[in-house]
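First, the structure itself, so that you have it in front of you.
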Amino acid sequence: MSHAPLAAGAPGARIPGRLLRSPSAVIGSVMVVFIVLVAVFAHWLAPHSYTRTDLFMSWSLPDARYLLGGDAVGRDILSRLLVGAQVSLTIAFSVLTIVLIVGTVLGTIAGWHGGWADGLITRATDLTLAFPELIIAIIVAAIMGPGVPAVIVALSLVGWTGIARIVRSLTLSLRNEAFVEAAMAAGTRPAAIIVFHLLPNMVPALVVRATAGIGFIIMEEATLSFLGLGVQEPQPTWGGMIRDGLPALRTEPWMAMAASAALAFTIVGFNLFGDGLRDALDPRGARR
Amino acid sequence: RDLNVAINADPSQVDPITLSELISGDILKNVYQGFTDTDAEGNVVPLLATSWEAHEDGLGFTFRLREGVKFHTGNVFGARDVKATFEQLLIPGNKGGGASQYLNRIVGAEAVKAGTTTDLEGVKVVDDLTVEVRFTEPEVLFPIYPFNFFDASLVGEAGSNFFAENSGGTGPFRFVEWKRGEQVELDAFADYWGGAPAIDGVTFKIVPEETTQLALYETGELDVLYLSAATGRRVLRDPQYADQLQSATAAQINYLGFNAALYEPFRDKRVREAFSIALDREALVNGLFGGAAQPLYGQISPGVGGYDPEFPAIPHDPERAKQLIAEAGYADGLPPLTLGSLESSRTEATYFADLYSQLFNVEVTLQTQERATFIRALNAKEVPFFHFGWTAGYPDALYFLSQVWYSKSPYNRTGYSNPDFDALIEKATATTDPQERYALYHEAERLLVLEDWGTSGTYVRTQLALVKPSVKGVTLTPFRFQPYADVTID
Amino acid sequence: MSQYLARRIASFVAMIAVAVIATFIANRFVPGDPVLVMLGDQSSNLDLAARLRADYGLDLPLHEQFVRYVTGLLRGDLGLSFRFPGVPVGEVIADGLRISPVIGLAALVLSLTLGTLLGAIAAVRAGSLVDTGLMFVVVIGLSVPGFVVATGLVWLLSVRLGWLPVAGWGTPQQAILPIIVAAIGPIAYFARLTRTFLLETLGQDYVRTARAKGVPERGVVLHHALRNATVPLLTVAGIMMGGLITGTIVVENIFNIQGLGRIAVTSIAARDYPVTMGIVLLFTLFYGTINLLVDIAYVLVDPRIRLAVS
Amino acid sequence: MSDPVLTLDRVSRDYVRAGRRLAAVDEVDLVVHRGKTLGIVGESGCGKSTLARLALHLVPPSSGRVLREGQDIARLDAGALRRLRARMQIVFQDPNASLNPRWRVGAIIAEPLRAQGWSRQKRLDRVSEVLDLVGLPQDAVDRLPSAFSGGQKQRIGIARALAPEPDLLICDEAVSALDASIQAQILNLLTDLQARLGLTMVFISHNLAVVRHVSQRVAVMYLGRIVELASEADLFDRPQHPYTRTLIAAVPEPGRPLQAGSVRGEPPDALAPPSGCHFHPRCPLAQNICRRISPPLIEAASGHLASCHFPGASAS
Amino acid sequence: MTIPVDLHEALTIEDLRVGIGRGRDRVELLDGISLSLRRGEILALVGESGSGKSMTALAAARLLPPGAELGARRLVVGGADVASAGGAALDRIRGKSFGFVFQEPMTSLNPLLTIGEQIAEPIRLHLHLDRAATRSRVIDLLGAVGFPAASTRLDDYPHQLSGGQRQRAMIAMAIACNPPFLFADEPTTALDVTTQAQVLTLLRSLCRERGMGMLLITHDLGVVSAVADRVAVMYAGRIVETGPAAAVLAAPHHPYADALRRALPRVSAKVARLEALEGQPPSPRAFPTGCRFHPRCARATARCRTSVPALVPSGLRTVACFNPIAETKETAP
């Protein structure tokens, strides 16, 4: 007899088991783990220094030394791709984490509490949405100096709104469910009701949102860097590599292609993983 | 048929009074004209002034104006228009034209700027085609300053904004319409004094994205395309464009700025020298620009009056550079340093940062910034070490030397100051004879670069442009394109 | 409801006020000033700078500038652009306003219909090859950056095949590619969301009831399952609509369209305060209205939702 | 009598529908005594479930007070209300909807325990204990509600309510989906608990036999009001209100034919309740007075309250 | 190939098996269920909670939850062959050839549609009536199932209704198209006895007068005896006894059926303690061997533990027991 779920708190245990049963989830997990490992051990895996410039290798063709060729200042693209995984994923994960937490907290408060709290939070989302991201990025970069932390802060400052609004809408519908009433009757605190009853029911939507967000954040970083507000050289990022490689797409496509492929691989991995997670979380296993 | 040319942003304006920048300049030079122009080689040639004479005291010029020049408004151009143009530039409330800075030394300019009078005392209409200008201090370059003479008689009635919507110049093309974000349209001026252009007009299409520009060029929607460094590299390598490519050295210097006030080691000449000789400028122009650039050793770019073809090449000598650093007492490494640059020259800056950190055991942090932010910091002299460029506003080396390195110039962003250098510049400013003046430039340039190691030139870009084979008569000069007056399209 | 609306509109006005203040402060907080940008290479020409500052009223104390702006605003006057001398802000924004909503709405309609359709098909066939295939395509759509897609499409359809114009705005053909490129991401996102929410609702008992009534599969999905996923989907659509209408800079740049996104970016880069302020106000209005409509839609769609009146 | 655990003091609850007021519960006075069971029966839609929700303050009353051990629960702060709710549990009428589809049964049953801060081990033990009590297999703990039949879900709801050993238990149609044998098991369990722990119960059901079996006192509701309130024996053996008599007569029992048409006329519209006595349009005894005056709930016999102008009379 | 369908046949289920889950989680919920009903007939399906009554009905309607697999020799409902129908054909059968009253009235109603809309849906789909006619039919239906003020309350949403009102809406929906067959899964649990009587009377008259067949799943033996013609008793996924309702209720042969009857409380008199079965109901994950009732059966013998008793006819009844009560001539109290 297993009491795992009671131990684990509320829902959810056995999810790893169910996860492993969906092929897409397995593939996705493998891809995600691979990417994460690459990111973690990037410096160790990189065959060359990712900062070392060598003008004689600038835009060099892929060869035995530089497997993916050289970039504009002759740095090894492969090494930069590997280290770029670290930087880009750090940004993506940090922003996602912050944004998910802030968005979820504010969204549930707005949806659950209603009244003035809802009014305030809703107006705040409207305002943030309307406020051009660029202004926020410029101000943040001015205060913090451009770089990874500034990118994370700037993207988080604008990113929470979407999540807050989705979470609010889900809270608005879910709080009418009879099981919420039952939880109140059981004496569960509102905070616990939100965390244990409402959130699990929002996870699928948040998973989709988060997996879609990864690519968006990575590309958004590139846009900011383009304006000098993002990650600074010589730190490589995938977005930056795609951006820098784009003008050379017809002559030396390997940089933009390699980074695009890495990005696509990551996004596909996370999406598959997210799908698998969703299926594993589905109480009805709703495959027909 | 119109000539279609790409510009990568809206011009700031299209009227001859308000401040002008590169893009407006490209457009306006087809509509408005000044005393002189430069030819394809960068030589000064007469335009609306057929000849000029410096006054004996060196404090004035008398200009003989071209006869039979008509404004787009139908009026005839004459000495009164020169005077009126100058006055309009100075009158407060007219959103201060950039060219007004060239008028500061004219007698009576202060009074007009202060608003006490509208009559510019120092400019005298001698007769219809003769105008005399007098200065408070020597102003030898006055004839080559880029002025846009316009039919000022109309401004008096219609207000200073009149030419934002109307055409009032003497150039080969008339301004017709500016659709923001889309295009600026010019029509051929049939009564142009140099003969009506062969094409119907010029359309400047506003296309910020370079890939889009290229696509438009390929589909034939653009006839002429000025290329940025990145696109230029790619076009150079593509044989299909070989016969459509034009090139010309840019009248622009790029340099490394050392602010000794902010970074202690820069006070030591040896350190500055080390930074300069550490650069492999040959490798730089080939590696980063695929050859579309040339090394800059001094501080004057070729094609600009006063360029010194004999300026010695600075040898690439990393060993000596290291030694110099050691001699300066930094054998164990220099304190951390931040290299500032505009986003547009990020690639070069990246290279410099890596080069110095490898060579000198110094931690160089790169900081590329958005334009407005970076310029603000530069002007406030807050950047200890930066890579920056300076494009000549008129075809004379004084533009580089007196603006960037003269100690009292507001554009001196490194705080470089050497009384000897300043004296040379001051002397040059008062020297009318070009050759004499150029000799002074050369002396000053060597003092700045080779004696003081006050800066380190990096490269001069080779401008590249694509011109459709069917289009003839487009000329790329160090100052970008010549007006399109002689263009023909098959 | 009417009471709710009244309060909502009141708070709307308050929000606009906050937006004005916030943008005003933020603008001045941003390093670099418009005069610097205007002066370009002559940015250190203090003389000129002072003249320009005086011309634009930037030499006044901040509170006076604010009062000036607000009084202008109350008269409906957004001021004159700095970037485009003498042009009223309204006119500058109007350029984009003629374009962005067209692209935005078209892309929205496209992504809602196509996204919902793809998502619904995938959900109904969940676990099948169709589902896997669709989701793969969709994920690719999500993972390839917009400008890569755009560049590729332009190269293929315009440069190589010559079917569509490369860039510009005005003819219907010129609208096709921008709309498609703007819609790709949203289509993919919406498809995934639709699938997720549908899988959620398709397992509900009332869907079984609908089947028991003999409702055909399409009706089951559209009328029952999808309807119950409307609230979160509407929310996303609302945000998406805002994002699309206020312009997508990537699309506008690549297709060389003077849309709101581009105007916003250039005005910020040029520190064109009046235009920036005007744009923020416009966007605030946009988002406020969209979200108000979305909230009203919640109540219409789901009778259980009561929006608190407070 | 013994001390009141739950008192409803002229409690009403209105819903507004299509601009009209619907009095789901209409000025109800009720007292539930410690260790006793109050049965509530009545027409479907007469407000029983609403009454149950009011008792737990899951919906606030439109007027009147709900007193828990003398305290007005509307005045309690959130924490106190939560602590109070921990001691009063409810089995909801709809077992399916009241179970979070993403929670495993073990967690569902343990929820009130968790809310009361029981330790993990104690929770585990208690959950397995109550599973046994309601006749669910132990392996139910880690399955989701969707894997259970209607009756099993109902038992999960019962197990959840019983787990924290509440002193007040409200059962809203708690055994309707159970087969006779399990129903008997549960009812026995409840009576045992009452005997052992002094459990107080409000038992809402349409099954009069069940109500009779568990209750000491029984209230009959009609259209938001209590029309009769008496001890179980009095009520079933000597019903005073004609509606109660109709109800009892309609009970289907093996061997008894279906009492079709046992109640005349249209069911009442709660949005437009009949004047006077709400039951008069369907009452065989109705007189003029019934149409005009709403009869108060008064003692018709000793300890037997009925709201009828002609209590005890029978139609002939 | 079309299976010949007897016009009097309202429901035929032959050897129905339902399993759910995969691999280790696989459980067999139904084990060879066979039932048949003629038109106009009412069969009550009673039995232990969790024994598979709802599953039987859902399987026959092809409405099993995802993951469940069904096997049957024959499935005919309301004159339509359900087993072979698929997709659109099934949609035409459902709602028209049979109606279904689900056990859980709250979650089985769409929370976002008014009950009027939901009841109108099958009418629109199958009867193709115009708006006004549909609306008046909806009102009639609601009135018939004892819904108060039907014409105003059809615009109510499910959450605004009481449990019994939802249940009645559900019934109205199921009979909206006059189907020849009705699955009624505990249709009156939330109804007070008078309303219940009204609804049952209605259903019974539909059977008697229109020849509707009805599978009535219920726990209320009173209801069974009042309306059902025949009864089938289920225990742990199998049918253990069938026969005429009155006879089975009066003198069940299977010990489980007997236990059910004994456990009932009565309105007429209060008993001290109800007679519940000893032991725990079996879980489908661990059904006992042999006769699945044997661990709780007082009459169980060694044989019950090892062999499965078949349903053997005895008179009008069938019983699956090695030691049925009838043989010992025990009579009901």
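Every chain is named by a letter (A, B, C, D and E) in the order it is written, and numbering of its residues begins at 1.
Simple rule for what comes next: a residue touches a chain if its C-beta (ideal position, glycine included) is under 8 Å from a C-beta of that chain, and two chains touch if they have at least 3 such contacts.
Keep in mind the model is a prediction, meaning the values are calculated, not measured.
The set of chains in contact with subunit A as well as subunit E comprises C, D.
Summed over C-beta pairs in contact, the chain pair with the top total is D-E.
One simple way to say how far apart two chains are is to compare their mean CA positions; for subunit C and subunit D this gives 53 Å.
Here the spacing of subunit B and subunit E, counted between their Cα centres, is 91 Å. Between subunit D and subunit E, the centres computed from C-alpha atoms are 27 Å apart. The multi-chain contact residues of subunit D, meaning those touching 2 or more other chains, are 94, 96-97, 139, 146. Residues of subunit E found to touch two or more other chains are 65-66, 104, 106-107, 159-160. With touch defined as above, residues shared between interfaces to two or more other chains in subunit C number as follows: 30-31, 151, 203, 205, 269, 302, 304.
Subunit C meets subunit B in the complex at residues 30-33, 36-48, 51-52, 54-55, 83-87, 92, 95, 151, 154-155, 158-159, 162, 165-169, 253-258, 262-263, 266, 269-271. Against subunit C, in their complex, subunit E makes its touches with residues 61, 63, 65-66, 87-88, 91-96, 99-100, 102, 104, 107-113, 118, 121-122, 125-126, 157, 159-160, 170, 173-174. Listing the residues of subunit E that touch subunit D in their complex gives 46-55, 65, 103-107, 143, 146-149, 152-153, 155-156, 160-165, 167-168, 185-186, 189-198, 200-201, 204, 219-227, 249-250, 259-261, 263-268, 270-271, 273-277, 280-281, 283, 285-286. Across the complex, subunit E is touched by residues 15, 17-18, 41-49, 93-97, 132, 135, 137, 139-140, 146, 148-152, 154-155, 173, 176-185, 187-188, 191, 206-210, 212-213, 232-233, 236, 246-248, 250-263, 266-272 of subunit D.
Within the complex, the subunit C residues that touch subunit E are 203-206, 208-217, 219, 224, 227-228, 230, 301-304.
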